[in-house]
Amino acid sequence: MSELVLTEPGIEALSTEEYFINMGPQHPSTHGVLRLVLTIDGEIIRKVEPHIGYIHRSIEKMCEHDSYRQIIHLTDRMDYLSCHMNNEAVCLAIESALQIEVPERVKVIRTIVSELTRLSSHQLWWGVMGMDLGAITSFLYGFRDREMINDIFEETCGARLTMNYNVPGGLMFDIHPNFQQRTKDFLAHFRTKLPEYDRLLSDNPILRSRTEGVGLLSKEDAIAYGITGPSGRASGFACDIRKRLPYSAYPQVEFKEILLTEGDCFARYKARILEMWESISIIEQLIDNIPEGEFQVPTKQVIKLPKGEFYQRVETARGDFGVYIISDGNKSPYRLKFRSPGFSNLFVLDKVARGCKIADLVAIMSTFDYVMPDIDR
Amino acid sequence: MFSAIFEYFKEIYQTIRGLMTGMGVTGKYFAHAREEIITQEYPDNRDTLQMFDRFRGEVILLHNDLNEHRCTGCSACEVACPNGTIEIIWARREDPETGKKKKQLETFVYHLSMCTMCNLCILSCPTDAIKMGKNFEHAVFDRSQLTKVLNRPGSKLEKGVE
Amino acid sequence: MYDFTPLVDSIRNFLHAQFSPGVAMALIWTIIILIYLGCYAILGLVLVYVERRVCAFFQLRLGPNRVGWQGTAQTVADAIKLLLKEPITVNKADKLLFNLAPFIISLASLMVLSLIPIAPGLQAFDINIGLLFIIAVSSIGVVGILLAGWSSNNKYALIGAMRSGAQIVSYELSVGLSLLTIVLLTGTLQLSEIIQSQANGWWIFKGHIPAIAAFFLFITASIAEINRGPFDLPEAESELTAGFHTEYSGLKFAFFFLAEFVNMFIVAAIAATVFFGGWMPLHIGDWQAFNHIMDFIPPIIWFFVKVGGIIFFMMWIKWTFPRLRIDQLLRLEWKYLMPLNLMNLILMAILVYLGWHF
């Protein structure tokens, strides 16, 4: 269907010429400063070459000069939509290295805030996804609900986006007295709004036809390319770190790992929508059962990790986020490596998008949910 | 043959129904447009706009009515800061009461342009001299105005703070 | 009542009495051109404001509300801003075509605008092949878009222009066929006579099922023809940044922008004229009293209310749906709209033959 070849006798095959087009670094749908060099034949994409590095801030190198407390606020600036999970990963790595057992209260609060962050990230993704496909109204609806989560964060930790709420050994502050009530209000509100998301976009025949069967990614490829998060699970790759290597309060809660088998754009869309329902149920299980106790374990003023290598994985809104610390016993790490989910999710683009139209590439990119600072670091 | 025609019209019907549900959602919001506005009319609501208590807008050095602050010039915040935002300039001066030489704060320089509002300085302060202010309107025409001196002219160390 | 014909005639007679026929003719045309250019600009400004406000209410926002009362002067301010901007011409662009393209687009929409009967007597140009003329002239617009895309020497603009070419050529068919369905009822192509034929009821009621179907087919096809969402592929901003007018700035960009909004008005006006009786008040058969009450509302208000309603419907569609893909767009036309239109046309023909309409 996408190939136009005239094979009637006497008529030579219609010869076409490929050409290059630079999509980005300044482009409305590359979500930041991603540059894609596309080789196109008419409207059909023959090759996608992602070029990154436009927002490289050498965060990993900066970490080698910062103390362990200071590293955490840099991770906010990587995947800013799942900043809390990034913070948590570093804190969990440091805590396991120092063999600190954090109180139950800290674990539960961390889990709740993680899930709220995941919800807010998926809400933003949903709005932007609609906007990429041309339904601009969904953007504002997504932001309306996200605003309530941001208010919860702002009241509890003072910042809306780069929260820096974790410190090694616990949390920076205790939760605000209004936290539980606000969260419950939000959940009650969002339970009525999430079906609306379905009515506006998920059931829309235009969105269905734009996403169903587009950008197919098989399970084998997902595993080979290391596609994690909802994008990987939409292809049937069971990669939820919350289930595989549970951390914080995840062992206590019951939730389903969303596994779909289609692997197309709509499956990735559906996976995120279903994940929002799971996040709501996780928060509902925990919000009334926050145990009493300390919100922080006292740690030394200068944290020095023992010699060795430490690795911690968490599930961010985009997938498997890993922190790999090599310590030589000093107050800053010898080498620190972040395994960011966006990076591996980006480089499957060439595999997935070949043979698609330009409009499909936009749909594929928004269902993989790229956040450029996460990819570039 | 007939089933194909039936399928064709069924597809059209389902498409139109799907589109109508979407229009129902936006139409509902249009009908209640005035009640559900989510945006704020920002400069107009300045008087009523209240930030949360823990809001992190900028670092401020607290002064009491007698123009006294609690900063001993220990530089803990300068060490804790990841970006070199804070510069403490201190000097050893003679205390007029005890007559001993003592470390004292000269100038508390705060580079707002480098601050990431991470709150680590506030946590590290042993005397609770600094806190996060609620002001968020930091736009200036000249970036040199973003470098601030936080201790007021003529301010002294509050009594009893070591 | 409320007939502009005496006024227009008196002006015409006055000019003919004062000047020689040639000069009088030239003066009349000058006046008409000036009025239409003025209306064109004002229509554009009003529609841009309305679009921004309506879109804001769909999206839980307030929209422009600072400049003037409720932001009504916002578009005027924007127009001044566009006037003051530097008109950049790309180095490698084909200068002549690049500068010509915005005028071709404006010309096409201006020519169609002159045919719209706004009120009795208020019509610049009442020819007996009115609808045919509209269909013919409105497709000149695509030439402007193609020129703009080609001469900009920009790949995004070129892709946008090519999409537009494919799109408008195919959707022209559906627009024509759906209008033809009503022409079966009216028996004339002249717009003023089409309105007169609805004096005892609008065609959308008199022609019932096929007329309603034709109305929706017309709206769908014409939204695609004027490149509005969800069929705004030539300028799909998330794919092609701005499509065919990527390289335009300042006043030349304003021409594209104005033409787009005036085209929306034109489509709504044609739909109102053909399906809803144009300026004709709501008349029901021989209910004399009711018809008489309706006649008290001036025709010009009837016209603008109908057009406004249809424009609102088009905005509602635009601000709800995602954009289609180019192959889906063409499939929609050739697989759904075209066959449905043909079926509808046959149904209407049978209806007219059997006299089953009102």
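So that you can tell them apart, the chains are marked A, B and C in the order they are listed, and the count of residues begins at 1 in each.
As a working rule, a residue touches a chain if its C-beta (ideal position, glycine included) is under 8 Å from a C-beta of that chain, and two chains touch if they have at least 3 such contacts.
A quick note: this is a predicted structure, and the numbers were derived from the prediction, not measured.
Taking the mean of each chain's C-alpha atoms as its centre, the chain lying closest to the overall protein C-alpha centroid is A. Across A-B and B-C, it is A-B that has more C-beta pairs touching. Taking the mean of the C-alpha atoms as each chain's centre, chain A and chain C sit 44 Å apart. Taking each chain's centre as the mean of its C-alpha atoms, chain A lies 25 Å from chain B. In terms of their C-alpha centroids, the spacing between chain B and chain C amounts to 50 Å. Residue numbers of chain B whose C-beta contacts span two or more other chains: 19, 22, 25-26, 38. In chain A, 137, 140, 144, 200-201, 204, 206 are the positions where the chain touches two or more neighbouring chains simultaneously.
Counting partners per residue, chain C has 58-61, 319-321 as the residues that reach two or more other chains. Interface of chain B with chain C (complex): residues 12, 19, 22-23, 25-27, 29-30, 33, 36-39, 41. Those residues of chain C lying in contact with chain B across their complex are 54, 57-62, 65, 316-317, 319-321, 336, 340.
Within the complex formed with chain A, the chain C residues making contact are 55, 58-61, 155-156, 159, 163, 229-230, 232-233, 236-241, 319-328. Those residues of chain B whose C-beta lies close enough to touch chain A in the complex are 14-15, 18-19, 21-22, 24-26, 38, 52-56, 80, 82, 116-120, 123, 132. In the complex of the two chains, the chain A residues touching chain B come out as 66, 69-70, 73-74, 77, 137, 140, 143-144, 147, 151, 154-159, 162, 164, 167, 172-173, 176, 196, 199-201, 203-206, 208.
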